[in-house]
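Chain lettering (A, B and C) follows the sequence in which the chains are written, and residue indices restart at 1 in each chain.
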Amino acid sequence: MVAAELILRDLAFGLMLGCVFSVVAHGLNIIWGVVKVVNIAHGEFIMLGAYGAYFLNLFAGITPLETAPIDAAIGLLVGYAFYYAFLHRELHNKETITLQSEMVTLAATFGLSLFISNLAIIVFTGNPVGVIYNPGTLQFGYLIVPLAALYVAILSILIIAGTWLFLERTFIGSAIRAYAQDVTATELVGANPAKVASLATALGFAVTMAGGALLTVWIPVGINPLMGALYAPISFVIVVLGGPGRMWGSMVGGLTLGVVIDLVQAFTTPQIAYAAAFLILIPVLVFRPEGILK
Amino acid sequence: MQAKPRRLTKRTTAIIAVAIVAIVIASGGGTYYYVNYVAQRPITCTLPSGRDAIKVGFTISLTGTFNVEGAKSLAGIQAAACWINNNGGVTVNGKTYNIVLNYYDDQSSSAQISTLYTKIITQDNAQFLLAPYSSGLTGAAAPLAEQYNLVMLSHGGSSDSIWTKGYKNVFGILSPASTYFNNAVDWLKANHPDDKLAFLHADDSFSTAASGAASKYAVQQGLSVVYNASYPVTSQDLSTQLTAAQGAGADDLLGGGHYADGVKIVQQLSSVGWKPKFISLLVAVTEPQFRQQLGGSANLVTGPSQWETTVTYSPATAQTSSIPWYGPTESQFVDYYSKQANAGSPTYHSGEAGAAIIVLADAIQKANSLDSTAVRQTISSLHIMTFFGQFQVDSTGKQSGHSMVLVQWQNGGLVVVAPAIVASGTVKYPYTGS
Amino acid sequence: MNLRKPGLTLYGLFIVMALLAAAALLLGVAVSSILVFLLIYAALAYSINFITGMIGYVDFGHVLFMAIGSYALATLVSYFGANPLIGVGAGAMLGLVFALGIGLVILRFRGVYFAIATVVLVLAAYNIVLQLPQLGEGGEIIFNLTFQPLAPYFTIWTIVLIEIALTYYVNRSRIGFGIRAIKSEEDAASSVGVNPQRLKLIGYMLGGLFAGAAGGVYAWSTSGVTAGPAFDFTVSLLMLAMIIIGGVGTSIGPLLGAVVVYIPSYFLLTSVAQAQPLLIGLLVIIMALFLPDGIVGLLRRSNKRLRLALE
C-alpha cells in the first residue's frame, strides 16, 4: 500500500503545479470564451513569456514573480496587434463566428505558431535555458514545500480571481460578458464590439505571457523555443475540462490535470500518469461536452 | 474551407500570385545571400598550400535537439583537423595531404540524413565519413556507408544496438552506453559494497541503455538494487520518484538523462529532503553550468564522462603502456580548440569527435592508402592511444579499448576520480549537499 | 455510378507520376533519395486530405498514424526479420484499424473539439510507447537492411498513385457530393440522403490507412524509428500546411503542396535550416487569411478554362 505521506505530498505538489497550469491556460480560456477563437499559437506565447522571464533575469536580475506584470503589459500590446492582424476582418460586422472563420483562424494561428517557434530557434538558438529562483522552503512536518512554487501558485489564483472580478464587477467586464453571449447585445450595452473584442484578446494574451513567466519556476532548465508544443495541448485540455468561457473553469481544469499527473505517479509510472491526464479529455467530451463546471 | 466564390479579376489574381512568388524568392534569395556572403563560416584554420585534400564528409546537428552537443563536436573535429594539417598533414605513398571537412547541418532530424549523406557521397565525393551525433541518426547514416563501402567513424552514437546490426564499415570511438556507469559501480563495490542502489533515469534510448546496463552490472557485482524506474523527459516534478527511492531504503542514486534532468534531480533532492550518500548522473555533471546553476548542492556529485580536459593521457602514458601514440596532446588539442569560433570550452563531445579525425588520419597513414577497404582493415586491428584515450575495436566495430572516466565536483572544480591511471583525485564520500 | 469522363487533371497527375518514376530509374540514387521523401510527404498530404481537406475536420494529430506505421515496420523488420513490404502493409492495416477505433469515439465531437482530441491522443500515445520495452529502449529501434533505395521509392510511388486515383474518384462521384454536403452544413446533410457518420468514419479510416503506409516507408528509408521524432507535431502541421497551400479537398492540391513545402527545403537544407518551416508558416498565414482554397483555388478562380481543367 502506498504511504499516506507520499499521497499527501503528491496531492500538495499536484495542486501547486495545477495552479500554474491554470494560469497558463487562462489566457486561452478568455479568448476562446469571449471571441470564440482557438489560438493554436498559444503555446508560442507561453514560450515568449518564459523567455521574457529568462532575459529579464539575465540582464536585470528580476525574479519571475516580478517579470509577470512586465510580461502582462507586453502581452496586452501583442494581444491588440494580434486582434487587428488576424481577427478583426473575420469578426467585425458578424453576429456569430462562422465555421469558415473558425477554420480560417485555426489555420492562420497554426501558421503563426510555426513561424514564431522557428523564428525563436533562429534568434534564441535551441539551447534550453532556465531561471534560477530559489527563495527557500517551508516545512510542514515531513512536507517540504518550495516557496517558489507556493508563491507562484498564490499569484496564479490571484490572477484568475482578478480576471473574474474584472469581468463581474466592472462595466467593461460586463460588456465583455455581453459580447461573449451575444455580439449584438454588446451594442445594446453601449459598447463598441470591436473595442470589446480587442480588449478581451489583449487581456487573454497578457495573462498568457504572465503565465509563461510564472511557469519558469517549475522548469529550471526547460525553457526552449519548442516548449509550446507541450504546454499548448495541456492548455487545451484544461480549457475543455473547465468549459471555455468559465473563468474558474481554468482553475478546475488546471487543478484536475496537476493532481492527476502527480497523484497517479504515486501508483504507476509517470508516463502512464501523463497519458491518463491527457486521455481524461475524451470521456469528458463524450459525456459532458460543456465542461465539468455546470 | 470553401471560400465564398468571389469572382477574382485576372489582375487581382496576377497580383496575388506575383506577390506570393516574390515573397518566396525574396526570402529564399535573402537567406541564401545572408548565409553565403554575410554570415561566413569562420575560417579558423589556414590550410598549408601545395597539398592535395582528403575529404571527410559528415552531417552534424547545428540546430534542433542536439545543437549544443553538435556544436561542441564540430569544433572538436575542426580543432583536430587543424592540428593534423599544421603538423605534417597525412602522408600516403610519399604524398602529403590536408584533411578537408565537408559537412552540413542535419537539424537533428533523421529525414535529412539519407539525403545529405547521399549528396556528400555521390556529389561531393567525400572519401571518408563521420557519423552524425546521436545513436538514432548514426543508425540512419550507417546503411549508406555500407552501401557505398566507405569507412564511417561514429563519435556520437553510443547505443550498443548499433554494433549488433552487422555493419562492416562503421567503427566507434566512444565507449558504449552500457559501460557509462561501470566506474561508479566498481568504486561502490570496492568501497561500500553494502550500499543499496537506486536507479532513476529519463526514458529516452540513451539514458535507458546506460542506466539499464548499469543496474544489471551492479547486480552482477553483488550490489543490492532497491529501486529502478524511469520518467518522461518532460516531467516537471520528480519528487514522487525521489521520495519513493528514498523510501525503499536506497543509499545511492544513479541515473539521470540529459542536462536539464540532472539539474532537476539535484534540485528536487534538496526539496524532498533526501541526501543520498553517492550520486552519479549522466551528461549534466560535466557541464560548467551545472555548478553555476546549483551552487553548493552540486558539490560532490559525480558523473561519467567519455573524456575531460584534465584527463592525463600523454605520450608518456602511451610509452608506459607500450601502445603507439598519435595526435595532439591534451593541451595542444585544447589550444587548437580555443581557436575555433563559438566553441566555448571543450566537453567530451569535442574530445570524442576530435579523436575520430585523429584515429582516421592515423589509420590512413598506417594503411598507406586512400582505399576504403585497406583503411577499414587497418582500423579493425588498430590499437593506439590519443589524447582521448585508447582506441581498439572488437570484431563488430564496437569500441573496447577506451574507458570512461568518473568525475566529481570538488571545491568548485571538476576532478577526475577514476580510473586510477588517469585520476587526479579520489572520490569523496558521502555527499553532503553543500 | 455517376462518373464523368476523367479530365485533364487526372492525366496531368499521371504524367507527373510517370516523370517521377523515370527520374528515379534514370537519374540515379542521389535523385531518388531526395524524391522518396517528396513522395512520402505527398502520401501524407493525400491522407490528411481525406479527413481534413474533404470533410473539413481538422486533424492536428494525424502524425499518430504515421508513427503507428513506422513502429509497425520497425518491429516487424527488426525483431522478426520480415520483408519491409510486409511492414508497410502492416502499417497500413494498423493505421486503418486504429482510425476506426478512434474515429468511432471522437468523430462525434464538433470541429475544434475534434482537433484537440486528436492532439491529446498523440501525446497519450507517445507516453504509452515509451512504457513498452517491446518498442525499443526509449522507443528507439534501429535496423540494418541493405541499402536499396528503389524498393521503398516504388512502394511509396505506388501508394501515392493509389491515393491520387482514389481522391479523384471520390471527388467526382456521389460520395464526393455527400462529403461536400457534410463540409458545408453537416446537420442538413442527412436530409439529402447522406449518412455523415459513415462518411466521416470512412474518410478518417482512409487517412489512417495511407498515413500508416507512409509511416512504414519512412521508417524503411531512415532505417529506424525514434519516439520523439515519430510523434512530432511539426509533421502533422506540415501535412496541414501542404493541403492548405495546395488547395484543400482537391486532387492536385496535396501534390502541389508537397512540392511547395518540400523542394525549397532541399535547397535551404544546406544553408539556414530553420528557414523552411518559417516560410511555410508565413505562407500558411497568408493563405489562410487571403486564399483559403489554396493555389489550386486561386488558379481556378482566375480563369474559366482553368476552373474546368483543375480539380
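The rule is simple: a contact is a pair of C-beta atoms (placed from the backbone, for glycine too) under 8 Å apart; a residue touches a chain by one contact, two chains touch by 3 or more.
None of these values were measured; they are calculated from a predicted model.
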Chain at maximum distance from chain A, centres defined as averaged CA atoms: B
A-B against B-C, pair bridged by the larger set of C-beta contacts: B-C
Chain A and chain C: spacing of chain centres that average the CA atoms, whole Å: 31
For chain B paired with chain C, centre-to-centre distance based on mean C-alpha positions, whole Å: 35
Residues of chain A touching at least two other chains: 100, 103-104, 107, 121, 269, 271, 274
Residues within chain C bordering two or more other chains: 56, 127, 130, 244, 272, 274, 282-283, 286, 292
Multi-chain contact sites of chain B, meaning residues that touch two or more partners: 1-3, 63-65, 203, 230, 232
Residues of chain B defined as touching chain A within the complex: 1-4, 63-65, 67-68, 203, 229-232, 234-237, 239-241, 243-244, 247, 259-260, 263-264, 267, 271-273, 293
Complex contacts: residues of chain A adjacent to chain B: 3, 6, 9-10, 13, 17, 100, 103-104, 107, 121, 125-128, 130, 132, 134, 137, 144, 146, 218-222, 230, 262, 265-266, 269-271, 274
Residue numbers on chain A that touch chain C, as the complex places them: 38, 40, 86, 89, 99-100, 102-108, 110-119, 121-122, 229, 233, 236-237, 240, 269, 271-272, 274-276, 278-279, 281-282, 285-286, 289
Residues on chain C engaged by chain A in the complex (per definition of touch): 56, 58, 60, 105-106, 108-113, 115-117, 119-121, 123-125, 127-128, 130-131, 233-234, 237, 240-241, 244, 272, 274, 277-278, 280-289, 292
Partner chain C, residues of chain B touching it in the complex: 1-3, 5-8, 10, 13-14, 16-17, 20, 23-24, 27-28, 31-32, 34-36, 62-65, 104-105, 107, 109-116, 118-119, 122-123, 135-136, 139-140, 142-144, 146-147, 159, 161-162, 165-167, 203-209, 212, 230, 232
